[in-house]
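Working notes for the structure below.
In order of appearance the chains are A, B, C and D, and numbering begins at 1 in each one.
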Amino acid sequence: MPDKGQNRDFGPSEGASVVRPYGDTTGDGMVQTSFTLPVPPGPRADGAALQLAQKMGIEPAMVVHSAGIGSGGGAAGDSAAFTFFVVYGSVRHLVDLDAVHVEERPYPLLSPGEVNAAVKTRLRRSLVVLGACIGTDAHTVGIDAILNLKGFAGEKGLEYYRELQVANLGAQVSVPELVHAARARKADAVLVSQVVTQRDAHLRNTRELAGAFREAMGESRPLLVVGGPRFDPAMAADLGVDKVFGRGTTPGEVASYLVHALVPEEEPS
Amino acid sequence: MSRLQLDQALVARARELAARAAAPVVDLAATYTTVSVERATLRLAGLTGTDPLDGDGEVPWVNRVVDAVRDQVGLEHGVALPVWHALGSGGTLQDLAEQVGAGTARFTVPEGAAADRAREAARAAVGAGIARIDANRARREELVATHGDPPRRPWIYLIVATGDIHEDIPQAQAAARAGADVIAVIRSTGQSLLDYVPEGATRTGYAGTYATQENFRLMRAALDDVSAELGRYVRLTNYASGLCMPEIAVLAGLERLDMMLNDAMYGILFRDINPHRTFVDQRFSRMVHARAGIIINTGEDNYLTTADAVDEAHTVTVSQLLNERLAHEAGLEDWQLGLGHAFEIDPAVPESFRLELAHALLARGLFPDAPLKWMPPTKHMTGDVFRGYLLDGFFNLAGALTGQGILLVGMMTEAVVTPWLSDRDLALRNVRYVLEAAGNLHEDFAPQPGGFIDRRAHTVLTEAVELLERIAAHPQGLIQAIADGTFGITKRSPDGGKGLDGVVRKAADHFDPATELLTREVSRA
Amino acid sequence: MSRLQLDQALVARARELAARAAAPVVDLAATYTTVSVERATLRLAGLTGTDPLDGDGEVPWVNRVVDAVRDQVGLEHGVALPVWHALGSGGTLQDLAEQVGAGTARFTVPEGAAADRAREAARAAVGAGIARIDANRARREELVATHGDPPRRPWIYLIVATGDIHEDIPQAQAAARAGADVIAVIRSTGQSLLDYVPEGATRTGYAGTYATQENFRLMRAALDDVSAELGRYVRLTNYASGLCMPEIAVLAGLERLDMMLNDAMYGILFRDINPHRTFVDQRFSRMVHARAGIIINTGEDNYLTTADAVDEAHTVTVSQLLNERLAHEAGLEDWQLGLGHAFEIDPAVPESFRLELAHALLARGLFPDAPLKWMPPTKHMTGDVFRGYLLDGFFNLAGALTGQGILLVGMMTEAVVTPWLSDRDLALRNVRYVLEAAGNLHEDFAPQPGGFIDRRAHTVLTEAVELLERIAAHPQGLIQAIADGTFGITKRSPDGGKGLDGVVRKAADHFDPATELLTREVSRA
Amino acid sequence: MPDKGQNRDFGPSEGASVVRPYGDTTGDGMVQTSFTLPVPPGPRADGAALQLAQKMGIEPAMVVHSAGIGSGGGAAGDSAAFTFFVVYGSVRHLVDLDAVHVEERPYPLLSPGEVNAAVKTRLRRSLVVLGACIGTDAHTVGIDAILNLKGFAGEKGLEYYRELQVANLGAQVSVPELVHAARARKADAVLVSQVVTQRDAHLRNTRELAGAFREAMGESRPLLVVGGPRFDPAMAADLGVDKVFGRGTTPGEVASYLVHALVPEEEPS
């Protein structure tokens, strides 16, 4: 039997480094899950759901709902080929907070004024930023939120920053076009948005982007930044880009990162 | 059904202004043809298949032939004259296409009697395609008579989007069994920018499945089976908007699709397709849909994903009025106008639900005979799927309270993934509960004249008329309004965007048998 | 607020019949006392604590003393006479209790001047308790004035139920921060059958936390903190119904609880408590609550978990009318009557939502000044938590449309577990969305006279009056109706059930200073 | 890397014995889960959620929603001590349908007529059945559904069966009372319902029941049957009873089981 750690303190406390999910009591480990199995409804299906729950570490698990999918406008759907389940139960896993690697932002969050000042005094020229959605992705709202004046979550977008020279190429830009534009404009940073993720389109497109820039410009390639709601910020290295931003990113975070990555350290005065 | 008392003088004024604002777009179609219109003509005449020899992907014969004609004699006369002239010496379209593939076809523009002969042959060939469309329309009516229509309004409209037609089919059937009245197969993200229509059964789309004639056929057949099983005719929808509007419209007619997303504005604003190109394409595609008895869906709902649904509510109204005008002009009847609108107000806005009701009632009041397409919340959906499920329930309720015609079923996972099998099932259960438990609540729903809802609807209508005044005042009308960023706060200039090189000014002797045959029909109607 | 036009003659007839049907219950309280009423008197006089020597669990001193009095001189005179007579020689109640514990206390029933002296002393002691209750009432009014009341109706009422007061407290505070106006701490499943009130802070309840004076105090203090933090007075609720109704009512008054579940019918039907016992207890407990300014909640909603919510809707109405009568008789005012009703119609029933609206509007129309307690779906909730979340949304909407006073927040996990922290948070988000987005929809809600909703409400009212006619016609009125299985299709005979042995017929000289002081107040009012 | 079995057929097919959860493509393994961690909202919390998801075998996992619980009527709730998460992703586990042990009902489902006939001809006396909710559980609807004439899901309850002698003691019956009643009435079967499950009350009460009957009556104890919505039917032996019925049980199933367990096999004619 795995240690369920019943006697340890898993409550919300500054110091606790090992926690468990909380249903209605500290340490109870309770979670909810739902999924579909390609099995007709019935006891065998419920058993299969319990097996999966167990493999997920939910024990004891309760199949609290199971219903056939897609046969005849109503109730059980006995002739269905799929069954949808809702399962509740306690997971035995412990969450070790010390092992959580948060990409602690290794740079300070700057105000627009500070960003402008840093660029102006330390870079001594304006910073050229190019934005686009690549591939067939037509979702521009995210990149617009970062770049456009209007901004996002109450913060102005990068166009508002005096010392940033921003061009937003919009959607459906092909990678070769983008490489071309980056070269032509001497971009310091290329910001790319990817929202469609089905079949990992965003990952594929990002890798293609990184490859094309590497090939075309080698070491002298601009800083590559990608963003979108389904990216895991920890994946930058894996994808071959410099930085990945996820859901809820604000323009200020991006501007601060650009300063950190592209503007030389303050010289000791 | 509770209706708003709209100021009828204002409504009449709105329609008059819409006609003026749309006029420059109507002119476009009279002046230009496009590669896609010409290809659509060949498709109507029965040309199918792809050049099998090409290395990087297959290119449809219709593209090969139109490109060859363009290269050799230009497109300003249309493809029909040179093509049927070339066929005059015998052989099939298919043979001719293969000669094009082999580089041996030679096109010229016939004149005089030769031209008359070519025109006659072209009319006959294209007429056969139109006859097939007519037969499909009749067949649909027959099937509806046999199996029956959905028992109530709104019709329940569900999307499938696996990217793989062979996954789509069982999912669509499951959805129909669970209560869907209309199945829409959405397209792979890239397709609307392709300047050709892919061929065959496909399994490799991203976030959608390619629209191909074979996929249409497979899905329609599957839905025919399930219609028979259920005793209810299940409709099929796909997307025409994009660079190949006219061709896909034809394929839809040939394969008995029942509804089509058909809106140039969507392509312009959200796909950056050139306005001239797609307005010309739209005219042709709508004529085909008018003939085919297909209901079109327009895309005003999309504006509210980039623009604020309260501030810009009137732009939806303006666009609906313009789309109505452009649809009527192409021969569509009111029952074919699935004008789009959506439940996209930020749920955190106070009174958001009543604002939605006001907007939805306004559309209902302006277009009493159109089967309005009511779109679910998307923009303000989040990963909180419980909240999403609740919002969708209120969306469903708004649809029932305001008498919408087509209810696009919202998915709790909207902000997460393309819909899962279980999402659709849960979503349908949501719709069923709301319609069965509260579907008749409209009997008790009586917005007070001068009350919150009435005032809001009137405000939006007034703003819409004011905006139409400004648009109609400009000689370029709608085209200028698009350039100004009026819709979806997105600016698109008339000479920007994709597909402009496929637009050709018609010569005086331009001949297009399809338009001719379809127009004859329209003016008869 | 849209109101139904009820037939006022029928309404008046219903109230008249309810008074007749309730009369036998009113008589009961005049005729009998109970061990719990007597213990409550001692609690009012300040006796607390438990006998520390007892092996199997601690027994409160009030139980020890009342049992000793009963053993030695019987309870028919009440405890006050023998107790304060015994105290005549000096010492505190606490000392006397310890003598009881030690087996050295000797009780007799005083007569003449000695009896007068004992009565006077008892009045003074009990009066101190009532003064504390009065002070709490004043303090509540002061805090409400300082922090403010919830900004709108309905008040949002949330349950916590961990079984551990130290888990309950942070959960209650979290719920209040997330928007709860009222926190109810539900009790351990066993408590209502205990013939004593446990003591101290407790951590070991099942599916609920013991109701103890200390737990009351801890939770009220925690909510006072959070009220100050939020600038909104957060109310606290607990449960009086059960074998210790009068005592828990007193503790609630002493610890400034704000609402109490208080309904003998619940104990009879769902806890199999003897009707005589609990009706007598109820009278006392309601007098205390009247005095304390506590809002009571009745349990009609529960009937719909065992009986069908459509077929038996009228039994809810009948019970509400009876409960109103019994509440008024005990001195409660209309603003204190949180009469229960519930959204418990099978969602699969066609028009279920409109039927709910009809029932809810009927209650609203019958009791315009009562803060009706609107209970969420429970019986037809399933493990499909998405469906549950949606149903709860429609329940919230029905509450807003029909002007309910207290909205008990439904949980998506109703059929699964006692609520989780996250369930409450999600549930509150649901309530907030519905009230903010559609809270004013009642302005547009106008059930037609003669329409579906109006007809249904009238049918239920008519059935209720018919049933009341039958009940009032029987000499045992309500008591017989309960024996017949009228409510919640559960039969309970007058001499069955738990706690009958705690019922004692009062002697002519029975003296109960609490009832005397509280009645004086009532008749003054 | 575990075998994700991308190339195997995990679709709904009669023969398939290994399946995976189905989101929108066969074999995609997609599941949804939600839980709360006692950690304030923020990147660290999201990281902790991902860690848990990973331990549950969800990989890649997407934290698609995270919100602080319980601080101030609205949005994020930065001062919250708990964070609620919704996570989507693909589990790597396979569900082996062959390993699902469905308690195949080892007895036929009989109609009321067949039950009566079996009892009458093979037992030759009526069968005495006692029902109750024990402990402080006051939920009688479940046991009533099985016993009362009215029944459940369209099936009549056991009281309808001519050859069954049914007494329903109702709720809140103590175990000693029940033992006493069973002895007094010579009960063949005792049917007990347990609905409240918080802190495993149902399991504790059932064990107490089994223990008390064992002690009081040894081998001659009546058949012990328990039921309730949160019981796992596989637990009978563990709990010391003869049979456990779960959510959605119908009276017919129970009657058929009683015949199977208590009525002698048909003698070869």
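To be clear about the criterion, contacts are C-beta pairs under 8 Å (C-beta built on N, C-alpha and C of every residue); 3 or more make two chains touch, one makes a residue touch a chain.
Just so it is clear, the structure is predicted and the values come from calculations on it, not from any experiment.
Novice: For chain D, which other chain has the most distant CA centre?
Specialist: Measuring from the centre of chain D, the most distant chain centre belongs to B.
Novice: Could you tell me which pair, B-D or A-B, is linked by more C-beta pairs in contact?
Specialist: Result of the comparison of A-B and B-D: A-B.
Novice: Give, as an integer number of Å, the spacing between the C-alpha centres of chain B and chain A.
Specialist: 34
Novice: Centroid of chain A to centroid of chain D, CA atoms only: how many Å?
Specialist: From the centre of chain A to the centre of chain D is 39 Å.
Novice: Could you tell me the distance, in whole angstrom, between the mean C-alpha positions of chain A and chain C?
Specialist: Taking the mean C-alpha position of each chain, the two centres sit 50 Å apart.
Novice: Can you tell me which residues of chain B touch two or more of the remaining chains?
Specialist: Within chain B, the residues that touch at least two other chains are 161, 384-385, 415, 417-418, 420-422, 426.
Novice: For chain A, give me the residues that contact two or more of the other chains.
Specialist: 22-23, 26, 30, 32, 34-36, 62, 64, 67, 81-82
Novice: Which bits of chain D are touching chain C when the two form their complex?
Specialist: It is residues 34-36, 67, 69-73, 80-82, 84, 135-138, 140-141, 170-172, 196-199, 201, 229 of chain D that touch chain C.
Novice: Which bits of chain B are touching chain C when the two form their complex?
Specialist: Contact set of chain B toward chain C: 347-348, 350-354, 357, 384-387, 389-391, 393-394, 412, 426, 429-430, 433-434, 436-438, 440-441, 443-448, 451-453.
Novice: Would you mind writing out the residues of chain B in touch with chain D in their complex?
Specialist: Residues in contact with chain D: 161-162, 164, 167, 171, 382-385, 413, 415-422.
Novice: So in the complex, which bits of chain B are touching chain A?
Specialist: By the definition above, chain B touches chain A via 161, 163, 170, 173-175, 177-179, 188-190, 193, 206-207, 230, 270-272, 305-306, 415, 417-418, 420-422, 425-426, 432, 498.
Novice: For the complex, which residues does chain D have touching chain B?
Specialist: So the residues of chain D touching chain B come out as 22-26, 30, 32, 62-65, 67, 86, 88.
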